[in-house]
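Naming follows writing order (A, B, C and D), and every chain is counted from residue 1.
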Amino acid sequence: MVTTGFVGLGSMGRHMASRLLRADTALVVNDVNPASVEALQRQGARPAASPRAVADEAGIIFCSLPTPDVVDQVIFGEDGLCHGSAVRTIVDLSTTGPRMSERIGDALRERGIAFVDAPVSGGTSGAEAGTLTLMISGDGAAIDAVMPSLRHIGSNLFVVGDKAGQGQTVKLANNMLFASNLVGAYEATALAVAGGVAPERLLEVINASSGRSYVTEKRIDPPVLDRDFAVRFATGLLRKDVKLALQEAEASGALLFVARAAAQFLDIAKAEGMADEDYTALIRLFERWNGAEVRRSRTEAL
Amino acid sequence: MVTTGFVGLGSMGRHMASRLLRADTALVVNDVNPASVEALQRQGARPAASPRAVADEAGIIFCSLPTPDVVDQVIFGEDGLCHGSAVRTIVDLSTTGPRMSERIGDALRERGIAFVDAPVSGGTSGAEAGTLTLMISGDGAAIDAVMPSLRHIGSNLFVVGDKAGQGQTVKLANNMLFASNLVGAYEATALAVAGGVAPERLLEVINASSGRSYVTEKRIDPPVLDRDFAVRFATGLLRKDVKLALQEAEASGALLFVARAAAQFLDIAKAEGMADEDYTALIRLFERWNGAEVRRSRTEAL
Amino acid sequence: MVTTGFVGLGSMGRHMASRLLRADTALVVNDVNPASVEALQRQGARPAASPRAVADEAGIIFCSLPTPDVVDQVIFGEDGLCHGSAVRTIVDLSTTGPRMSERIGDALRERGIAFVDAPVSGGTSGAEAGTLTLMISGDGAAIDAVMPSLRHIGSNLFVVGDKAGQGQTVKLANNMLFASNLVGAYEATALAVAGGVAPERLLEVINASSGRSYVTEKRIDPPVLDRDFAVRFATGLLRKDVKLALQEAEASGALLFVARAAAQFLDIAKAEGMADEDYTALIRLFERWNGAEVRRSRTEAL
Amino acid sequence: MVTTGFVGLGSMGRHMASRLLRADTALVVNDVNPASVEALQRQGARPAASPRAVADEAGIIFCSLPTPDVVDQVIFGEDGLCHGSAVRTIVDLSTTGPRMSERIGDALRERGIAFVDAPVSGGTSGAEAGTLTLMISGDGAAIDAVMPSLRHIGSNLFVVGDKAGQGQTVKLANNMLFASNLVGAYEATALAVAGGVAPERLLEVINASSGRSYVTEKRIDPPVLDRDFAVRFATGLLRKDVKLALQEAEASGALLFVARAAAQFLDIAKAEGMADEDYTALIRLFERWNGAEVRRSRTEAL
């Protein structure tokens, strides 16, 4: 049995690694947090002392790490993956932005290591259930080699291109668009409610018309109309993805209008102390400003 | 057979009046343009010399007029509908904005005439096919009375409230949101393409993810990717609806972020001479600015 | 002695009328508020029962009225100025926007009455002291005729064009620009303070450099740095002028970027309940959001 | 005589170094471009093979370098200044942003080297004439030590704080504000001109009113009104400074409104191919969009 590696056993990584183990993959793991490593060890993983130690044993290695800087350190640092003797392919499941991913791919290629870019969406619940969406790009042969493992991690596997970084671009474009659609839908709903329209009436029309989106179909009714603001995806994380997309636009010289306005709104939301609240709670800013609550109308409850 | 009236036989009104005639409605019509009247006459409608003359004969009267000012004139002018002896209910199918509609409803109520607010969407092709969406509000009994006629005009009839103006609010909120989603989707697609991603790959992911909308599902692939920019809904008309929504927000004190950015973009598009082009052609601005065409990738064509 | 008329004796008008009286002008006045009329009567003015009654006696008439609608009513209403037998020239000192002013000028010309557009700036204290700035436009001969009176009202008299409405355009352009410069200066100062710079150090540099403006020279130090937020010009009034300018841009098709952002900020300020506060208090929003107060540094006080 | 060092002999650095030489400073210089070094050699400077070689001889060293990365490399690279045996104080005249400058200051302090942050404004003509404005921050004693040299370089020396990075903050805040005021003034002028007002009439009023700024006083009349668009400060350079300021706002969490709109406009200007044109040429975008040229009116020429 080929040995596989996993570095970064956080909120996302622990579930993904766990699923690989349950699928009978021999797994060698590493994380700066000993408790995270122990948890996986109890499930049958073998711990390694450093990323390099992982790469001395495993041919395919997955990373799920918090920031671009940490990914850089884990791969190219003194005890990094790139110095390992066994490693042939590295798959990065983190969100790092296209430039970073492209740079990693280029640097690894020079060392004879293949790189696959595979950021995910679907949150921790999707990671646990193995229903993540993966946006995969990189060398075709390398992608083929890791596909069997990826199928244990996600249920929507999209190969979006043959260059590292394209997976990142797709992920950022989608999340940026989600943020734009979200702010647009919340402000449109709040506008109609300020004009005396019952929000469920408005959504019924929009969802049969040109204004419909994932947000109007799923993220207002029920959550907002039922006043359910439990944290599923924090405003601060959404803002982080939008800002990465804006940086990418800056770097490539692509113009943005609506996404910049969404970012401005998210900046204000953060300044108003809402970074840790679920993004559905953002409706409250419009409610406060407009003086009208977006609530299911009473007649509806009959 | 009860006589029904119709004022305004333009691009939209001619088709709606025609459908009523074919459904065996006795129709008396008026329009400032004699040619428009003659066309309906040939289909069996009776012409009337003025809106007032229509209202001397018909109990239910429909209007489909270009601007709020014209609606005001047609209803309350010297020879206006409100002075007719037979009229009991007026249905306005025009897009005029909520304030105007509310004001008309109030003024007619004082004169004992019921008012139903019923702006439409679906374009001239929808008017011809009878597949328009109608956003209806006003007094319940009056709505019940006109519903049989409206069923000949549209196939999606939404009663959104019991006050005139709410139909307008819903229409403007939907169209404003459509414009926001549109600009957002075009700029996100253009960003990804500038980053080297094939647009059909991007859309495949987005349409299975949180960024999806009517725009990403229907208004990029095929029209944009096939470079089909035939005029269906002119940019100038979309801009007009967005501006009406912004005015409503101004009047009600509702805050908007993303819609203002979409309006700014539409202002630039108009200044760049694109008001008469289809809104799908707006992608060309991003293509020019970003230096990358949003075109189906060649490998896709295989 | 020629009799002069004055309609609208509010916060601004009362002072201007008063100054004309003290300059030995025979004045006939009108206002819907009897108390306002009585106050001027005690200073020697003659009251008239309606605008028309004013216009039956006076050849030159000044208006200082709250909104475009009221100006329209006072001039063209049933008992309006235009029906008077003596009136030859009407001077409007109100802020109404260029379109309105142009329309008034055209309609009065048809009736053989000259119209001078002369919006003011300088506030109630300027009105009291006779130090207002006037932005005057209209027919040259009519302007010459009213100039002697205007010199009692303001100390900076600018003739900006020969068509009614141009005075309004200049006033709105200036106030819109002031608002842009204001928001820009407040956010730049707040940014530097968040970066640990003493605001008085920053202003010293800016006022010797390319960033300087009336705002950086006069409206931060002393008022903001001394935490003096006494109401001189309410945020709501500034917002009103900016919105009139935006409407004018909409009508003429002129594109705006920075002014729209300033308007968005003023919308938020209004939604946050600051419409009645002085515009200097707007710095507090940035202080709250950025978490840093724009205060004179202690070392400076030594 | 103490030996002084200078690294970076580009458009700005060559003039500053030259002025120091003429003030009888013994100068050892380095630049990657041999021609630049030779030019200074002919004026009496001694060349050094690397930054480190400069730092082996000079106690005080000035840098004038293109980007933050290059500054980092020159100071901390293998052959960097920080490894020199003679260096006591490094003065950075480049625009690098506050974070970078702070980080350099901290890293140098650990090695016992003082750091002075002194970005300049005034362009190449100011560098040649010695009339630059300098925004200086850092340790007080170090500033005192370099002040005599700085007096040969600039004529407006502002000490804005005692921490490296504050000079950068002040420079970015000023330039960001200049860009905001510029876009605001151009759009306001273009709006008034579209409304039929002669621009010189408008400016006369604004320059006596609340809308005035360095831009309205110096950067429209004469340059724009005389159609003089010779390149003094390229749009692309202005945009770069605004973007650095936006990054700083992002990092410190400071909210910006007007500056973001100015940046959006500058993005469009760049996408329209104007990065290399003087910023005064930006008026042309408004002229094209609004359909009205901002030109001195003919009557004025009399």
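To be clear about the criterion, a residue touches a chain if its C-beta (ideal position, glycine included) is under 8 Å from a C-beta of that chain, and two chains touch if they have at least 3 such contacts.
Protein identities per chain, from UniProt: A, B, C, D = 2-hydroxy-3-oxopropionate reductase.
Small disclaimer: the values here were computed from a predicted structure and weren't measured.
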Steps in the shortest chain-to-chain touch route ending at subunit C and beginning at subunit B:
1
Fitting subunit A to subunit C on CA atoms, where both chains share a sequence, rotation angle to nearest 5 degrees:
180
Based on CA centres, what chain would you say lies at the far end from subunit B?
D
Averaging only over C-alpha atoms, locate the centres of subunit B and subunit D and give their separation in whole Å.
52
Averaged over CA atoms, how far is the centre of subunit C from the centre of subunit D? Could you give it in whole Å?
38
Rounded to the nearest whole Å, what is the centre-to-centre distance of subunit A and subunit D, using the mean of the C-alpha atoms as each centre?
39
At least two other chains touched by the same residue of subunit C: list those residues.
253, 255, 257, 260, 264, 268, 271, 289-290
For the complex, which residues does subunit C have touching subunit B?
243, 250, 253, 255, 257, 260, 264, 267-268, 270-271
Going by the contact rule set out above, which residues of subunit A touch subunit C in the complex?
268, 271-272, 288-290
For the complex, give me every residue of subunit B touching subunit A.
98, 121, 133, 135, 156, 158, 160-161, 163, 165-166, 169-170, 173-178, 180-181, 183-185, 187-192, 194-198, 201-202, 204-206, 208-216, 245, 248-249, 252-262, 264-265, 286, 289-291
